[in-house]
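Below, each structure is written out as structure tokens.
Two complexes follow with subunit A in common, the first pairing it with subunit B and the second with subunit C.
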Partner chain A sequence: MERKKYNFAEEFTKNPGLRFRKLSEFSGEEFREEVLENFFKKDQKVIINVDGIESSLGSSFLSEAFGNIAVKYGKDKFMDIIQIDTSSDIGYVTNEEMLKRVDEAIRRANGK
Partner chain B sequence: MRLFEEPMENNIFLTLLPILVSIFSVWFAYRANSINAELAQENFKNSLIDKLKNAKYMILQLEAKNYEHREKMLLIDTIMDHLLYQQNNQQKEKYLTALERNTLSNLQEEVEDNIGIFLSTNSGSEDNKNLAINAIKNYLKDL
Partner chain C sequence: MNEYRQKRRQRWLKYTRLKNEGIIFLKPDDYYKLKKYELRKKSKKFSVNYKKRINDIKLPSKIDFEENIDNILVVSKQIEDYMQSHIRGNFRIDHSAITCASIAGMLYLVGQVSRLVSQPGNYKISKKLKYNKHFGLKNADDKLKYLFYEIGYWQYFGIGKPYHIEKNIKENYFLSIESNSKSDIKLLNKIKKFIKGKVSIFDSYVKEYKFDDAIKEAMGNALEHAYTEDFLQPGKIKGKWWICGHYDNICKTLELVFYDYGIGIRESMKNNMGEEAKIFLMDKLSDKFIKNDADLIGVAMEGKLSKYKRYKERDRGKGFQRFKDFARSSELDCELSVVSGSGLYKYIYQYNKNIETVKKKTLSNSIDGMLIKWKIKIGDRDGA
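What follows is the complex of A and B.
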């Protein structure tokens, strides 16, 4: 199956929110449940382009959305399904940060 | 006898001189690099300390009110800039220990969560503001 292109700013928001739905719109929890889960359920590989965002994907957003889904499905599956487009500066730093938060979430889940 | 020994000593000295000069040059360059690296580390840490103090001040100034989503997220983004979120990654790698980097990463999440709660509730819990400020203070103590 071809890797789907997902434009974060156009398809989700230019201003990603906080960790939980109760705290803000466009939260990490919402992105995980409404967007990321669908890719995993359909086994749909995706490349997420974050160009065009106005405020960065925050640490709590990344941890809640990407960290928790990596814990649920495992790092290998996560890396197979999810990619962030690193062709721009913002894409590159977001990807670095996302991978760091994923590793931290997995470490926390393993009690290390 | 001395007539033969002196020129020989001179020869040895003249032979060793360039080697000694080379050794001294290498040592001098090494020391200069070490001093530059130490200064660069000190500058980076001082700049981080200043930014963290600014972040603390910004959090202290936050008001509890109804923020629009965009306004709230841009405000948080500005505070996170002061915590070097997604910034200076090469310097962080070079000048901070693994423990300092991990603690900074946890600090970013803790501050974002707490000011997020503060800005997201109409009443705005001062407790969350204080938790964020204390987390920064603790990091500054250990830095």
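What follows is the complex of A and C.
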């Protein structure tokens, strides 16, 4: 299946929020439940382009959205499905931070 | 209105004089109205010796979170005493002694004074306060007056332009006080715009990312941890936080301050971590020694918090680390101060020497909530 292109700023928001829905709009929790889960359920490989965002995908957002879904489906499956477009500076930094949060979440879930 | 009262008063005096002289015996048509008014004037409230109950809150001469931090604690105590008193009259905040103040001190004052303004039942003063020049910035110099005005201290309480502002005070730029009780991500963009307009510290996206992350974590911390589900304290609004900033183009220093008047770090840990909190509130070497608040901030800053009782499966408790990450990522000399309860934690990063220093201090009393301050020395880096 062809890797789908997902434009974060246009399809979700330019201003991603905090960790939980109760704390802010466009939260990490919302992104995981409304967007990422669908990719995993459909087994749809995706490349997320984060260019065009005004404020960054903060660590809590990344941890809640990407970290938790990586714990749920396993890191191999996660890496197979999710990619962040690293062709820009924003994409590169976001990808680096996302991978750190994913590793931290997996470590924590494994009790380390 | 005064003219009407004067005429009424004159008619009453004329009537009583004529009555005493035995000239008239008939009461005027509005006799009872006049009598009611005169009796009211004689009542205690209107007597010359009656003094309205006014609580004076005297602000100290120096207000900052550095050497004069104890002064701040005195203010908190006065306000807390007032809030806890059973009979609350009006209040007067005496600024006349102030000769020196930092933006952190002012932000803290705003948070505390806002408690007085929003106290339940005080509907009359909830709208706005008035500036009285006798209790205003009498002894402050033009620069301090400018600072109070530009940071939005007066405006926050609905006071327009309380005094003449010297226009020749340049090279100081202020991000005026902003406040909310919800998340405000768009405000973050405003703050970045302010910084980008003054200095070029975001020369790579990773620096901007770390900045975004630190401010978002401060917001998230205030909304999620600083206030419990059933938070109810006089004059306080659940979730409330404030932020402001200052760039001094002469000293080439950028300061950003974030404040909430929530439960503070100790209660927050107990609330979030439940039984796990015991490990962190006690020194690991001895069960008898309870960690002080500065130590607790240190534990949070190192990201060594245990699992949260409500989210055991999640990777949490790293927010404070992001404050430090931003300080470190700026590639400039930077100071990060976190004050909560009776603890002051200061992290100093000297970029050129690559030296990190941590200072901890136990204060003589507790501050209300938590204050986070970043101070970045821009140095010779050109302004934008």
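A few notes on this one:
Convention: the second predicted complex is superposed on the first by the 112 of 112 C-alpha atoms of A that agree within 3 Å, B and C clash if a C-alpha of one lies under 4 Å from a C-alpha of the other, contacts with A are read in each partner's own complex, and residues count from 1 in each chain.
FYI, a residue touches a chain if its C-beta (ideal position, glycine included) is under 8 Å from a C-beta of that chain, and two chains touch if they have at least 3 such contacts.
Predicted, not measured: the structure shown is a model, and the values here were computed from it.
With subunit A as the common reference, subunit B cannot sit beside subunit C without a clash. In the superposition on chain A, the chain among subunit B and subunit C reaching more residues of subunit A is C.
In the superposed pair of complexes, A:Ser63 makes contact with subunit B and with subunit C alike.
Once the two complexes are overlaid on the shared chain, A:Lys100 sits against subunit B while remaining clear of subunit C. By the touch criterion defined above, A:Val71 lies against subunit C but remains apart from subunit B after alignment on the C-alpha atoms of chain A. When the shared chain is aligned, subunit B and subunit C each come close enough to touch A:Glu54.
With both structures placed on the common chain, the touch criterion links A:Ala109 to subunit C but leaves subunit B unconnected. In the superposition on chain A, A:Gly28 contacts neither subunit B nor subunit C.
Once both structures are placed on chain A, subunit A residues 15-19, 23-26, 54-56, 58-60, 63, 93-94, 97, 104 are touched by subunit B and, in the other complex, by subunit C. The touching residues of subunit A, when paired with subunit B in their complex, are 15-19, 22-26, 54-56, 58-60, 63, 93-94, 96-97, 100, 104. Subunit B contributes residues 69-70, 72-74, 76-77, 80, 85-86, 89, 105, 108-109, 112-113, 116-117, 120 to its touches with subunit A in the complex.
Of all the residues in subunit A, the ones that touch subunit C in their complex are 15-20, 23-26, 54-56, 58-61, 63-64, 67-68, 71, 89-90, 92-94, 97, 101, 104-105, 107-109. Residues of subunit C touching subunit A in their complex: 182-183, 185-186, 188-189, 192, 204-206, 208-209, 212-213, 216-217, 219-220, 223-224, 307, 313-315, 318-319, 322.
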